[in-house]
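Right after this note come the structures.
Two complexes come next, and they have one chain in common, subunit A, joined by subunit B in the first and subunit C in the second.
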Partner chain A sequence: MIDEILTIILDGAIYASWLFIVALGLTFVFGVLKILNIAHGGIYALGAYSTATLAPIFYSLGMPEQFVVLTMLISALAVAIVITPIMERGILRRFYGQDEVLIVLVTYAIYLVLEDVQKLIWGMNSLYVSEPRELLGALEFGSLYYVGYDLALIGLAIFCGLTLWFVLNKTQSGKIVLAVINNPEISGCMGVNINKVYLAAFFVGAFLAALSGSFTAPLISVQVGISVAVVIESFAVVIIGGLGSIPGAVIGALIIGMARAACVHKLPEAEIFIMYFCMAGMLIFKPKGLFEGVQARKI
Partner chain B sequence: MLRNLLNNIIFQSVFLMTTLILMGIFIPNWLVFVVTKAIAYGLVGLGIITLMRGGLVSFGQGFVFGIGGYSAGLLGVHAGLTDAILLLFISFIVTGLVGLIIAPLLARYRDIFFAMLSLAFSMVLYGILIKIDAIGGSDGFVLPESTYFGIKPTTDYADYVLYVVSILVAGFVSILLRYYYNSTPGLIALAVRENELRVEYLGSSAFKVAVLNFTIAAGLGGMGGALNGIALGHIDPEFTYWTTSGEFVFISILAGYLSVPAVFLAALLLELVRSFSGRYFPDTWQLILGVFLILSIIFIPSGIGSFFKNFFDTFSKNKKS
Partner chain C sequence: MRIFRQSLILLSSVLASFLTFLGTANADGHGEFKLGVVTFLSGPAAEPFGVPAWNGGKLFIKLLNEGKAPAPYNKKGFGGMKITAIPIDESGGATKQVQEFRNLVQRDKVDAVLGYVSSGDCMAIPSVADELKALTVLYDCGTPRVFEDASYKYVFRTAAHAAMDNIAIAKYLIEKGHDISSIAGINQNYAWGKDSWKDFSVSIKKLSPNSEIKNELFPKIFSGQYGTEISALLNSKAKVVHSSLWGGDLQSFILQAKPRGFFKRTQVVFSAGDHVMPGLGNKYPEGVILGARGQYGMMAPDTALNAWWYKTYMDEYGVFPAQPPYRMVQGLMGLKMAIEKAMEKNGGKKPNKDQIADAFKGLEFEAPGGLVQMKLGNGHQAIQPHAIGKTAKDKNGNITVTDIVRYKASCVNPPNGIKAVDWINAGFPGADC
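Let's look at the complex of A and B:
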C-alpha cells in the first residue's frame, strides 16, 4: 500500500517535472509575448532530435561520459539559436497586437512546417540515445528501484523554475521583462527596447522547450510524431495554472503529473483523457486558471 | 426588375447551385470527391464564422464534427439508417442539441479561454472515443453505403449523387444563414464583436447571442462531420483531434466572417492544396500546408470574403449611379 502510494508520487513527480519544463517555456512566452505557441511542441521535438544526433558523435570522441550532459545542453542551445530568429523575427513579429486566436493559428502553421522539417532532416526512422540514462545508476526506495536519471529530472525542473523566477524577480533585466509583461507600451515609452525583450523571451522559451526535448531523448525513442502529445499536455498544464504564471505551471504540472500517475496505476483506461478532464474541469470552475491576473474592463 | 433579381440571394444561390451540379457531370471523379469533402469542411467553417461574427473562435469544432460523424455512422451501422439526407438532418439536430447543452457553459468565456475550453471538450471526446472498443477504438469503423430516398446508386454514380446532395444542403444552409446574419440576433452578434459591454448596456444579451451562435455552429459542425463520414465511408477518432479542429479554424480565418460563399471557397482551397501536395509531395504535405497557411494569413488577413465584399460593393455602387 505504502509502496503503491510512493510509486504514484515518484512517478507523478518525474512526469510532472518533465511537464513543468515544457510548460515553463510555454507560459513564459505567453506571459511576455501573449502568444500561445503551438509550435512549442515542434521545438521540443527538434531538441530531442538534435540530442539524438549529437550524443552519438560525442560518444565517438571518447571523452569522459559525464560530459554528455554538456552535449545535451549545447544541442538544446543550438536549436534555440537557430529557431528563434526564424520564428520570432521572421514570422511572429508580423502578428504582434493582433487577435490571439489568429496568432495561435499562425503557430499551428509553424508547427505543421516543423513536423515535416523533422522528417526531411532525420527521416522516418526512430533514433535511440539511451546511454545518458545509465549515467547516474539506480536508486533504491524500500522495495522500489528508480533510475537516477529520471529522478535527476526533478532536480532539473526545480533548477529551471527557480532560475527563471530568480532572474525575473531579482535582477534588473528580469524586472524590465516584468515591466514589459505589465504594459509594453509604457515600458517602450520609458526607453525599454521591447523588440529585444520579446526576442530574448522567445529565446528563453524555445531553449526550455528544446532542453526538455534533449533531456527526454534518452527516455524515449525519438521518432516522428513525438511533438503532438506534448502540445496538448503542456497546454493543459498552462491552462490549469493560469496563462503566463510560473507558480501556476508548477501546480498545473503537479496536478496533471499526479493525476496521470494515479491513473496509470489505478485506472489505466482513463490515462489518456485524464489530463483533458483536469483541463476542462479547471476551465469550467476557474476559467483563467489558479493564478489569474486582474484585468481592467474595457468600456 | 432584373437588377432586383440579380441581387436576390435566393436567385444567386440557385444559379450557383445549378451551375455546380451541372459542372459535376463533366469534372473528373476525384474533383467531385474533393468538392464534397470541401463542403463538409465548409459547413463546419460556416459554424465558426457564425461564432466569429460574435467575436468568438472555437478551437474545438472537432468535438461536434466527431459527434456528427459518429452519430451518422452509428445510426447507419446499428439502426440500419442509410439515407444520407436523413442522416445529415439527424446529425444536425443531435449536435445542435449537444451544442445547446454545453453552450451556456462555454458562452461565459471569451477569446483564448473560449478557444481552449472548446479544445478541451474535443480532446476529452477524443480520449474517450479511442478507448471504446465497441465502436472501433482508434481504428474507427466503416459506414454502410448510403441510400437516397430508398434508392442505392451504383458505385459509378454514388460520388456524384452525394456531391449533388451536399451542394443542395450547402446552398440551403447558406441561404438560411444569410437571412440569419441579417436578422436582429445576427446583427447583434456583430455589435457584440465590436463592444460587448455596450451591447449589454443597450439591453441586449451577449450571452444569449453566444449561446444561439454556438448552437448553430454545433449543428453545422455535426452536419459537416456526418457528410465527411458519409463521403469517406469511414469514421475514426481523428475527427475530433485538435489538428482537425485547427484546419476548421484555418478555413474560417482564410474566408473571413464577411461572406458565406467564401467559406466554401476557402475549404476547397485547403482541400486542393492538401490533395495536390499529398499527391506530389507525399512526405512534405504538412510543410506545404503550413507555408500556405502562413502566407495566406500574412497577405489576406481579413480573409477571401473581404475581396468578395469589396467586389460586390463596387459592383452595386456602379449600378446605382
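Let's look at the complex of A and C:
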C-alpha cells in the first residue's frame, strides 16, 4: 500500500513537473502581455523538433555525452531568438489593447502556421532522440525502475520556477516587469520602455515553451501534432492556478499531475476526464483560479 | 448566311465532342476511372498510416496505369481505364469527412471512393455512401461494427476487421506456452482500443478460463505521456500486457517503457505493432509478440506477388512496406478485380456502380498478404489469413520478426452472420484451424 502511494506521488510529481515547465511560459506571457498565447504549443513543438535535429548532429561530433544538455538548451534558445521578433514585434504588437478574443484568434492562426512550418521543414516523418534519456541511467524505487532523466525533470521544473520567481521579485529588472504587469501606463510615464519589457517577457515565455519541448523530445516520437495535447493541458493548469500566476501554475500542475496519477493507479476509468473535472470544479467555485491576482482599482 | 451558321454550330458540336473524348480517353482509348482516395495526410495518423499507405497507393496506381503490375493485375489501369486519383486528407473528424465524401461524389463526380483509416470515419461514411449510391471501399479501419451492426449495398471492406488480430494473438500465446495466468491492457480510449481489448480479453478468458485480468488502462488517444501507466502496469505484475496502441502513441510508449525494463519484466503483445518498426528500427524492443493486421511486411507470405510488391516498394522508398501500404494496395486490387469482372459481364464497356457492386459481392482475389475473401457482411466484408510473430535481433543485430505462426482466415474470423464477440463467447464454433 505504502509502495503504491509512493509510486502515485512519484508519477504525479514527474507528470506535474513536465506540465509546470510547459505551462510556466504560458502563464508568464499572459501575466505580462495579457495575451492567451495558443501558439505556445507550436513553439513547444519547434523546441522538440530543433532538439531532435541538433542532438544527432551533436552525437555525430563525438563530444562527451553529458554536453547534449547544452545542445538542448541551445536548441530552445535558438527557437526563442528566431520566433520572438517574428511573433511579438512582427505580429502581436499590432494587436495590443485590442479585444482579447481577437488576440486569441491571432495566436491560433499563428499556431496553425507553425504546424505547417513544421511540416515544411521536417516533413511528416517522426524524429527520435531518446539518447539523452539514457544519460542518468535508471533508479530503483520499491519494485519499480524510474529513469533518472524523468526524475531530473522535477529538478528542472523547480529550477525554472525558482529562477523566474527570483528574477521577478529580487532583481531590478524583475521589479520593472512587475510594475508593467501592475500598470503599464504609469510604468511608461515613469520612463519604463514598455515595448522592451513586452519583448523580453515574450522571449522568456517562448524560451520556456521551447525548453519544455526540448526536454520532452527524448521521451516521445517527435511528429506533427504533438502540440495539441500540450496546449489543452497547459491551459488547464493556468485556469486552475489562475492566469498569470507562477505559484498558481505550480499548484495547478500538482493538482492535475497527482489527480491523474491517482486515477491511473486506482480508478483508470476516470483518467480521461479527471483534468476536465478539476478544471470545471475550479471554474464553478473560483472562476479566476486559485491565485487570482489582486487588481488595483483604476480611477 | 443561315447555312453558314448551321455549319458553324455543327462544326462546334463535333469539335466539342472530340475535345471531350480527348479529355476522358487514355492512351488505350478506354476512358477514365476517377477514384477518390481518403487517408490521413496530416495530423498524428499521417506519418504511421496515411502517408505510407498513400505512398504505396500512388505507386501501385502508377504501375497499373503503365501496365507494369504482375498478373492478374497486368491489365492497364482498371480494365484499360486510366485511374485518376484524387487524394483527400482524412484528418478533421467524421463530420468533416462526411462533407468531403459528398464533395467527392457530387462535385468531383468520382466513380468510387477508397479510404478511411479511422474507425469513427468508417462508422460515419457507409450510410452516406448508400444514400448517394456511391461505390465505397473501406481499406483499413478495424472496427467490426461496420457490417455487424448494419448492411450496405455500395460499401465494401477489403481488409479483415480487428477481431482477427486479437483472436490470433490469444491463440498464439496459448500455442507457444506463454504464462497467461494474468493479463493487463493499455489501449486507447475509443472504439478501436475498446474493441481490441474486449476481443483479446474475452478470447483469453475463453481459451484459459482461470486467467485473471489485473489492469485495464484506457488513456486518451494522442496522450503521448505514459510514465504513470507504465508504473501501474508494472505494479500489476501481469504476466501478459496487451496493447493496440498505434502511431505516435505506440512509438512514445515504447520509448518510455524500454528504459524502465518494461519489456523484460512482462510479455508484451502489440496487436498492430509492425507499422512503427520502419521508423524505430533497432529502438524496437526484442521479445515483443506482434501482429501486423494481416500477413504483411516482415510477416508476409513467400509468394511471387508479395516478393514483387515488397521489392517494388522497397526500391521506391528505401524502407520495407509495413501494413498501411499493403492494405491500400489490397483495396485497389479488390476494386480492380471487381471492376474488371463487371466489365467482362458488360461486354467490355465501363460498368456502372451497381454492376461493380454486384461483382464485388463475395469476390475472392490474391493480394500480397494472401487470399482475400469477401465472405462476411453478406459478401461485403473481407477475411484474410493472419500471422503473429515475435521480435528478435538477427545476426547483424537488426530487429526482425521470428517464430511466425500463420493462421487460416477461417481460423481467426467468425463465420458470416455471427458477430465477432458472440463467436468468441461461444468458443469459436466452426473455426477451421
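Operating definition for what follows: the second predicted complex is superposed on the first by the 294 of 299 C-alpha atoms of A that agree within 3 Å, B and C clash if a C-alpha of one lies under 4 Å from a C-alpha of the other, contacts with A are read in each partner's own complex, and residues count from 1 in each chain.
In the analysis below, a residue touches a chain if its C-beta (ideal position, glycine included) is under 8 Å from a C-beta of that chain, and two chains touch if they have at least 3 such contacts.
Remember, it's a predicted structure, so these values are computed and weren't measured experimentally.
Asks: Examine A:L243 and indicate which partner it touches, taking first as subunit B and second as subunit C; both and neither are also allowed.
Replies: first
Asks: Check the residue A:V69 against both partner chains and state whether it touches subunit B (first), subunit C (second), both, or neither.
Replies: In the superposition, A:V69 contacts neither subunit B nor subunit C.
Asks: Tell me the contact category for A:K119 with respect to subunit B and subunit C: first, second, both or neither.
Replies: Once the two structures are laid over each other on A, A:K119 reaches both partners.
Asks: Considering only touches as defined above, state whether A:D11 meets subunit B (first), subunit C (second), both or neither.
Replies: Touch status of A:D11: second partner only.
Asks: Pick one for A:L283: touches subunit B only (first), subunit C only (second), both, or neither.
Replies: Only subunit B is touched by A:L283; subunit C is not.
Asks: Going by the contact rule set out at the top, does A:D150 touch subunit B (first), subunit C (second), both, or neither?
Replies: second
Asks: Contacts for A:V104 in the overlay, against subunit B (first) and subunit C (second): which applies, first, second, both or neither?
Replies: In the superposed model, A:V104 contacts subunit B only, not subunit C.
Asks: With the two structures laid over each other on chain A, which partner does A:E269 touch: subunit B (first), subunit C (second), both, or neither?
Replies: A:E269 contacts both subunit B and subunit C.
Asks: With the touch criterion stated at the top, can you tell me which subunit A residues are shared between the subunit B interface and the subunit C interface?
Replies: Residues 119, 228, 269, 272, which sit in both footprints.
Asks: Quick check: in the complex, which residue numbers of subunit B touch subunit A?
Replies: The contact residues of subunit B facing subunit A are 57, 59, 105, 108-109, 111-113, 115-117, 119-121, 123-124, 126-128, 130-131, 195, 197-198, 242-243, 246, 249-250, 253, 283-287, 289-291, 293-294, 297-298, 301.
Asks: Enumerate the contact residues on subunit A facing subunit B in the complex.
Replies: 36, 38, 91, 94-95, 98-102, 104-106, 108-113, 115-117, 119-120, 228, 231-232, 235-236, 239, 243, 269, 272-274, 276-277, 279-280, 283-284, 287-288, 297-299
Asks: Which residues, counting only subunit A, touch subunit C once they are in their complex?
Replies: 3-4, 7, 10-12, 14-15, 18, 119, 124-126, 128, 130, 133-134, 138, 143-147, 150, 218-221, 223-226, 228-229, 260-261, 264-265, 268-269, 271-272
Asks: Taking the complex as given, what residues does subunit C use to touch subunit A?
Replies: Subunit C residues touching subunit A: 41-44, 46-48, 51, 189, 215-220, 222-225, 227-229, 231-232, 234-235, 248, 251-252, 255-256, 259-261, 276, 279-280, 283.
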